[in-house]
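Here the chain labels run A, B, C and D in written order, and each chain numbers its own residues starting at 1.
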Amino acid sequence: METGRLEAFADGVFAIAATLLIIDVSVTAPGGALGHAVLHAWPAYAAYAVSFLTIGIMWVNHHACIRVIAVADTTFLTLNLLLLMCIAFVPFPTNLIAAHIRDSGLRAAALTYGVTLTTTAVCFGSFWFYAARGRRLIAPDADPRLVSGISRSYLPGSLIYGTATLVALWNAQVSVALFAAIALFYLLESSIFGGRGPESEA
Amino acid sequence: METGRLEAFADGVFAIAATLLIIDVSVTAPGGALGHAVLHAWPAYAAYAVSFLTIGIMWVNHHACIRVIAVADTTFLTLNLLLLMCIAFVPFPTNLIAAHIRDSGLRAAALTYGVTLTTTAVCFGSFWFYAARGRRLIAPDADPRLVSGISRSYLPGSLIYGTATLVALWNAQVSVALFAAIALFYLLESSIFGGRGPESEA
Amino acid sequence: METGRLEAFADGVFAIAATLLIIDVSVTAPGGALGHAVLHAWPAYAAYAVSFLTIGIMWVNHHACIRVIAVADTTFLTLNLLLLMCIAFVPFPTNLIAAHIRDSGLRAAALTYGVTLTTTAVCFGSFWFYAARGRRLIAPDADPRLVSGISRSYLPGSLIYGTATLVALWNAQVSVALFAAIALFYLLESSIFGGRGPESEA
Amino acid sequence: METGRLEAFADGVFAIAATLLIIDVSVTAPGGALGHAVLHAWPAYAAYAVSFLTIGIMWVNHHACIRVIAVADTTFLTLNLLLLMCIAFVPFPTNLIAAHIRDSGLRAAALTYGVTLTTTAVCFGSFWFYAARGRRLIAPDADPRLVSGISRSYLPGSLIYGTATLVALWNAQVSVALFAAIALFYLLESSIFGGRGPESEA
């Protein structure tokens, strides 16, 4: 299978999962109290932003992978489906964190968010390394340094998210701050695969 | 009509129907009880996963069909619309199963889910066999073995889902387990059309 | 502006508007009463089907128009936006009809549905006739019979929907039945533009 | 990175954000009061229309930018993500305005709407001027007058939305009317970049 239509479906899931996040941002208050209620709801906006950017970064990474992959076999399609299933799940724990940022449920919310993102990172790793191992599905003309750059950048992903998840057992606030910091770091670092190389060279 | 834009619309419906499933996954609990409530909601996650993968597999199959179809006539467009109408309906019975997994409503939920998927399988069959009969819409250069492989793989679909539906009359839990098993089987078997052939050869 | 990306945005709106219809289909009942409640909710399924098919048919028509249009100017983009704004509005009156099929609110619901579809038909007409008048945006190589066939088929649209809307003032049930019949007619007739011609010839 | 897939993701977010607006349009009333309730809900329809058109106009602008941009580097991808994050946020303040059009919460709602659109305009400016400065990412064969026309048209955007936002501190109704007028103006003016030039010339 050529990878074109796989991209169309994946782009759809990424775009919808990110955009659906707004459904859980809502503020209900009597008119006179609306101003205060809108400000008080900042955790919902922060959770929206962190998850939107996280999904957006994963979309950029997904694209970077697909760009060097020439063909898709059925195992790869399955791994891609499992990955998208994780991505589309992100709005649920995002909503939990926004709803419980100020109460004792934050630990459970952070653990749910963390388990979701760690599983997503594991699926992303499987998706990539299945394609990259022995250049199984890699385009013959793909730059080997680019391929190994992507591989290197994917190794720590699960570990980073797994660690931030475990931190929630000790302190949920710190764990949530770490998830925001990871998204911000990836966003600022921007060029995730081996420095500023591949993207800006293209 | 060339099949390109038909794919764009279909990809959209598949991606949205799958991603919308997350809207029905939600947990509301006071902070202290959130951890337990999140674990207790596992049927919602399982229902999400089974339906997401079912829709995902149908998307893969839809693509496999479109790949060998050269043109679309108006009857085919209509059959395609009916198929997409069934696919986009899946979130509704999925939600019923998740909501009633532990009560006496499971039978009605499983029957609704089963009737939806059986109807979907019948629509999928009509969609395919209309195009394939006498190679009506099949591309002249499409491999006949591939075409007959798809035909062979579609014959049992309605029967399998129909049987799992009828099982709900006897035991709803077994019926629901069968729906999960069918999704898992198709996912693992992966290459649904005549073994590992067509996709990995491409 | 080439019409390619216009199609991508339009396909997205059509696909999302159709798929979002399922959000309003829901049944809440205690376990023991679920079977009856699922059957009792048939108007929600019927409304879903009628609106899904109506949006689907409009998508087919939209595609048929775009196929013979070579370029888009800014007025055309605006008319396209207004058309999509109407299409994306359809889930709202659909929900009203499903919710009030058995009570005295059906008249207001049918009027709302009818006004929405009549406005959509007027927007569709403006969208098409702006492009077709004097072949302003029509591709030079487009078959004149095809173009005039589309024009002929669009003339009665607003009238048909407008009539079905006015019928609601006299009898809401008949009006709703007419909307379903119109969708079914277009679906069966299938080839809306001048018989079975253009699509099957392509 | 070629800009093709960036467009696919962006088109998805624009289309979904616009279409999701309908979710917040709903009317619940007993049958006998439905007619009055449907009419009474006009602010929800107006808010839907203004935001749908605003997002639609931004989509047209986004396309006009992408058309003259040849490549995307990672900073540009990040700026694009931030812009889409703002666009996908629009349904939230839209809903606030519709819900509070008749009570004292309108000031807070208008401020929230205004801050969202002003931030979006700032993000849009950053997105464009990052690409345009020194023709960093501009296609070598792009018409310089077209590029400077876009630049000129983006300078006042943030200012216009910022002013309409500040007006809410004095009179919320006037501020809301200004937002509607801005959308209408852009829609009628249609050709936003330097008169009727680029689009109709293409």
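Some points to look at:
Everything below uses one rule, namely that contacts are C-beta pairs under 8 Å (C-beta built on N, C-alpha and C of every residue); 3 or more make two chains touch, one makes a residue touch a chain.
All of these numbers come straight from a predicted model, not from anything done at the bench.
If you lay the C-alpha trace of chain A over that of chain B, the rotation comes to 90 degrees, to the nearest 5.
Taking shared numbers over all numbers used, the chain B to chain C interface scores under half, which places it in the different class. At the far end from chain A, in terms of centres built from Cα atoms, lies C.
With centres set at the average Cα position, the gap from chain B to chain C is 26 Å.
Centroids built from CA atoms put chain D at 36 Å from chain B.
Residues of chain A in contact with two or more other chains: 8, 12, 16, 20, 23.
For chain B in complex with chain C, the touching residues are 1-2, 5, 8-9, 12-13, 16-17, 20, 23, 71-75, 77-78, 81, 84-85, 88-89, 91-92, 95-96, 99-100, 103-109, 111-112. Those residues of chain C that touch chain B in the shared complex are 7-8, 11-12, 14-16, 18-23, 25-35, 37-38, 45, 48-49, 52-53, 56-57, 59-60, 63, 67, 187-188, 190-191, 196, 199-200, 202.
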